[in-house]
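Look for chain A in each of the two complexes below; its partner is chain B in the first and chain C in the second.
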Partner chain A sequence: MAVADIVARCGNLFEDLSFSAVRDWKAAAPGRKAVGYMPIYVPRELIHAAGMLPVGIFGGGDQLEVIQGDAYYQSYICRIPRSTIELGLTGRLDLLDGMLFPSICDVIRNLSGMWQILFKDKYVRYFDVPQNYQDSVGGAFYVNELRVLRDELAKLAGRAVSDDDLRKSIAVYNDNRRAIDELYDYRAKKPWQAPTAEVYLVLRAGLVLPVEEHSKLVREYLAAADAEPRARRDNARVVLTGAFCEQPPLNLIKSIEMAGCYIVDDDFMLCFRWLLGDVPLEGDPLENLSKAFLHHSASTASKYDVHKEDKGKPLVQSVKHYGAEGVIFAAPSFCDPALLERPMLQGVLKKHGIPYTAFKYAENTGQMAPIREQAGTFADSIKLWSAV
Partner chain B sequence: MIHTIGIDIGSGAVKTTLFRSDGSSIEWLAKRCERIRRRDPMELARQGFDEVLEEARLAPADIAYTATTGEGENVKFATGHFYSMTTHARGGVYLVPEARAVCDIGALNGRAIYIDERGKVLSYKMTSQCASGSGQFLENIARYLGVAVEEIGALSKTSKNPEKVSSICAVLAETDVINMVSRGIATQDILKGIHLSMASRLAKLLKVTGITKGMVLLTGGLALDAGLLAALQEELVTEKITGLTARNHPDSIYAGAIGAALWGAFRHGRLAELQSRVAA
Partner chain C sequence: MSTQTVNTAALGGAKPKAPVQKEDAMLLQKEMINRNYHELATARQTGRKVSATFVPGNLNELLMCFDFARSLPETNALQNGLRKKSGKMIMDAERDGHSEDVCTYVKADLGMMLQGQVGPTGEPLPTPDVLLLSYTGCFTFMKWFELIRQKYDCETVMLHVPYQGDGHINKNMRDYVVKQINENVIPTLERVSGVKFDIDRLRGYMRESVKSEENLVNVLQSAKHRPSPIDGYFGAVYYIGPIFTAFRGMPEATQFYDVLWQEVQERMRLGKGPVTPEGEIAEEQYRLVVEGPPNWTSFREFWKMFSDEGAVVVASTYAKVGGVYDFGFRHDPEHPIESLAEYCLGCYTNLNFPQRIDMICKYLDEYQADGLLINSIKSCNSFSAGQLLILREVEKRTGKPAAFIETDLVDPRYFSAANVKNRLESYFQMVKAKRVAAAAAH
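Coming up: the complex of A and B.
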């Protein structure tokens, strides 16, 4: 398939707020169930092992008008909870049999409570994750959380979830993470061949497609993008950070690229890249998922840093690993985790002599001229005035 | 020795320049300026590219770097893109080395850019979305008054009793002008009033950038409007930034395209340096 066709398919999935792909998947066999999840991370392996489809709900984007959602949150709060409520109250999420709200911030925690009140016929769970990384403390807590979740999902699915079921699902998700790692490595190597606006759509498709299909799609895109002759531009290489929950509008990503930046790493959909490397298949699968979370998972503002001196290390490492020349902090307005962490990260970058710029957005931001100008002048300053 | 091309796609015209540089010397080989007049700016960019090559008797393969600026982000054959203030700053110090600020007045907006002797932007301020400080507005008014665009500057300089118009909003300013015409105000006084209103905006923008002394170079499509230049000199006195002297240059309209071509040459050298380091 040509790259344009793959991107068009992903674009259609991205724009489809009635989630037709999920409806089609459910309709393909009787009794199929789907479970939604919000950013940043849930162990999708458990949903998959129960034979259900994990569906990422990452807000309503810039095509959804929020009317009812504004009655549930103050207007200054970030937009993702309001647009998610709008999706729910307008029946667009009726196809979901359950919903998981991971531990990100107070706003999303409150959303889980609202969901329980509003949608009493659905399975709703606030999924707590450890902030202590010792196996005997945070690990014990987390394994128990995973066990409870597995049992509840099994009940929802109407079937038992064995350790072997879970191991098979872990293997499938290991493969998906490998495919996505290949995509990120390829983009960093040849960002002109795999523009982030396309990479983003390919990733977004993974929120609604079965994981096996998504892994295949990612690899198809990689092959098609590599075969497409595309001109290389003299752009600045940047890491984009802070966009791990409410997503920026696609036009914002396009604007940053158009302004002269190649995005070589980002944190758009951390759920796909949360666990670093393969989760072992031997042994207790819940223990393995727990150890992966505690010791081999991504760093982000919602995750507690045990040692103060570790703050910002992964960001600096990402800059070095992907050969970036600067960092763009792009966070949603009112995103407490991202905006409170930003000054600390900027302090670390300053110490390492890594240039940065920062702005805020909402998922329905429409005015791109100021962002283009800011990203463009940032790219110019890197290209013309940074030390070689 | 390398050749580079700069393409500045503005709201009203596409400007193209071709330079030869060898590290120590820079030679300007060719230039083109084409009014857009409802044509496709991307096609005009290609046309300008082809024409400067032809004039310099070069082939596309001889060009080491093609840089765009202005609205040229989507030019497919470009090597890289630079932002307008970056290129006008560099073009400004190329045209007038002692310039320490550039006032870029284009068809749709204006901006004041405070620069150093290398053409590095130190600070800048631009007009907001309203178009009353722009070339398009002035062109519209000239059309209403039945004056050719080329005559505006000379007519404005003959004014004895300028009538100031709104400097906030193009719609209000146009209403002001209609009222002036019906009140029988002389054409030159209306034009001078508009120039003073635009210059007042520019002087305020310059003040906000923090520059207090030195040469200000007018660039962009309105740079050669003698009436606007005279009005800006008056407004600099009104705003009490008398340490600034405003001037223009016959090639002011090319400042963006010049800056793009020269920054392109710089980037070409830097990329070669980076590559040789990687190879080593």
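Coming up: the complex of A and C.
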């Protein structure tokens, strides 16, 4: 398939707020169920092992008109919970048999309880992850939480979930993580061949497609993108951070690129890149998932850094690993985790002499001119800097 | 019992105001808070180590076992708010790179650091030796202490308290908190303080805590009487002060709650209403339940908007942020560590939405309240995100009117007196109309 076709397909999936792909998947065989999850991280392996489809619900974007959702939130709360409520109240999420709310912040946490009240007939779970990373402490807690979640999902699915089922699912997700790593490595190597606006759509498709199909799609895109020579521009290479929950509009991503920045790493869809590297298949699968979470998972504002020195290390590493020249802090308005984290990360970047710029957005931001201008100035200053 | 008059001008208020009415217990409370600030200010001279921790789920009894002087950054922020110092601190923090969107408690604290770490009473606050990040009911806490840690090189110990997502405290959650206390918190506190942990000492403090807890519940529940002898929101701020902060477990707290309970009983006997800064409420006109923290920067003005109308808050959720004692929890000296865990897990901000709604409905019923008022705080996602659903649900379930106002804790830019007053006036009208309609129906 040509790159344009793949991207068009992903674009359709992205724009389809009635989730037809999920409906089709469910309709393809009797008794199929789907479970929604919000950013940033839930162990999708467990849903998969129960034979259900994990569906990422990342807000309503800029295409959804939010009417009812606004009646649930004050103006000083970010957009994602209100558009998600809108999706729910307008029946668009009726196809989901359950919904998981990961511990990301107080807003999503509270939304889990609101969901219990608003959608009484659905399975709803707030999924707590430990902020203590010792196996015998946070690990023991987490393994138990995973066990409870596995049992509840098994009940919802109406079938037992064995350790072998789980191992198979872990293997499938390991492969997906590898495919996505390949995609990120490729983009960093040749960002003109794999623009972020496309990479983003390819990733987003993973929120609604079965994981096996998504891994295939990612690789198809890689092959197609590489086969089609594209013009290389003299853009500045940047890492974008802070967008791990409410998503920026696609136009914002395009604007950054058009303004002269190649995004070479980002935290848009952390759930796909949360566990770093393969989860082992030997041994107890829940223990393995726990260890992967505790010792080999991505760093983000919602996670505690045990040591002061750890703050910002992964960001600096990402800059080095992907050969970036600067960092763009893009955070949703009113996002406490991202905005409180930001000055600490900026302090670390300053120490390392890494330039940065920062702005806020909302999922329905319409005016791109200021962002384009800011990203453009940033790109110019980086180029000037490197020319000195 | 006596009611005394204090001149607020001495507290550093901008313009001289009418004298403030205070009960003995309120004066005692103020004295205790000031004493704690003095202890903190002189900690270096007296060779004491300093801890900082958060109010909800604080482990005060445990910190006392290691002789720490105890600072509570939220209390510092609110005291600075009451003294009208927080506005500048917040702006200083914003100038230093903090977003205008985030919790103003954090910015007030960071702004205070930028201004040279002078505490609310004018005495300097020492840099803490240890930050005990008891993470109950608010994600912002975690960022707050990480931010302080970036500035100061002090040790931080995390106590992660899982959220009651499904409305229960289960064994896994309890075991997790207990393990963290035993394996992380206690060893860190021992190392920093140089004091060996003695569980019997902890038990002793807890025995003392229980006495205060009993009396606090008596005081809060006295509002079930008509007229209510207390205000369960504005007045409760004074009542919860010692037990939610550095005093729970100390004989001073026991004494304070004894005095307070006696005062309240006397008021009940005399059929008197609450004492407000403007004087006693002559006649109770409205009985309200309030959800959400108060505004501190215009606290007195805010309270006056209620007391002028004879509106008394009979119960509030805010008075439960440092422990839902009225639903039965007590520190248990027989199982000290487990009960610390239960305490953390059970604070109001750690309850899920259905639990919060149940609690409010229960208050409306048991305290025979006319309706619910939500004070939504711009800063506080933990409290505020979803409060509009609380409002709808409570109205639906109880048939009682609910109203919504918006202010901030310590950012004076978000307190619009005219707006709040308008809202309140129309709310009181609504309550009255409901009452008339109900009377006509009978």
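Assume the second predicted complex is superposed on the first by the 385 of 388 C-alpha atoms of A that agree within 3 Å, B and C clash if a C-alpha of one lies under 4 Å from a C-alpha of the other, contacts with A are read in each partner's own complex, and residues count from 1 in each chain.
As a working rule, a contact is a pair of C-beta atoms (placed from the backbone, for glycine too) under 8 Å apart; a residue touches a chain by one contact, two chains touch by 3 or more.
Bear in mind the structure is a predicted one, so any value in this text is a computation, not a measurement.
Superimposing the complexes on chain A yields a three-chain arrangement in which chain B and chain C fit side by side.
With chain A as the common frame, chain A serves as the apex of an angle whose CA-centre rays point to chain B and chain C; its value is 100 degrees, to a multiple of 10. In the superposition on chain A, contact is made by A:N235 with chain B only, not with chain C.
Looking at the shared chain after the overlay, A:E182 reaches neither chain B nor chain C. Within the superposed three-chain model, A:L340 lies in touch with chain C and out of touch with chain B [touch as defined at top]. More residues of chain A are touched by C (comparison of chain B with chain C).
In the superposed pair of complexes, A:A259 makes contact with chain B only, with no contact to chain C. When the two complexes are overlaid on their common chain A, residue A:E220 makes contact with neither chain B nor chain C. Looking at the shared chain after the overlay, A:K383 reaches chain B, while chain C stays out of its contact range.
In the superposition on chain A, A:N132 contacts chain C only, with no contact to chain B. Shared-chain residue A:A71: touches chain C; no touch with chain B. Annotation: superposed on chain A, chain B and chain C show a minimal Cα-Cα gap of 19 Å. In the superposition on the C-alpha atoms of chain A, no part of chain A is touched by chain B in one complex and by chain C in the other. In the complex of the two chains, the chain B residues touching chain A come out as 65, 73-74, 76-83, 85-86, 120-121, 263, 266-267, 270-271, 273-274, 277. Residues of chain A touching chain B in their complex: 231, 233-235, 258-260, 373, 376-377, 379-380, 383-385, 388. Chain C makes touch with chain A in their complex at residues 96-99, 101-103, 106, 133, 135, 138-140, 142-144, 146-147, 149-150, 153, 156, 158, 160, 162-163, 165-166, 172-173, 175-176, 179-180, 183-184, 352-357, 376, 378, 381-382, 384-389, 393, 406. Remark: chain A residues 71-74, 76-77, 81, 101, 103-107, 109-114, 116-118, 125-128, 130-132, 134, 136-138, 140-141, 144-145, 148, 301-302, 304-306, 308, 311, 331, 333-337, 339-344, 346-347, 360 touch chain C in the complex.
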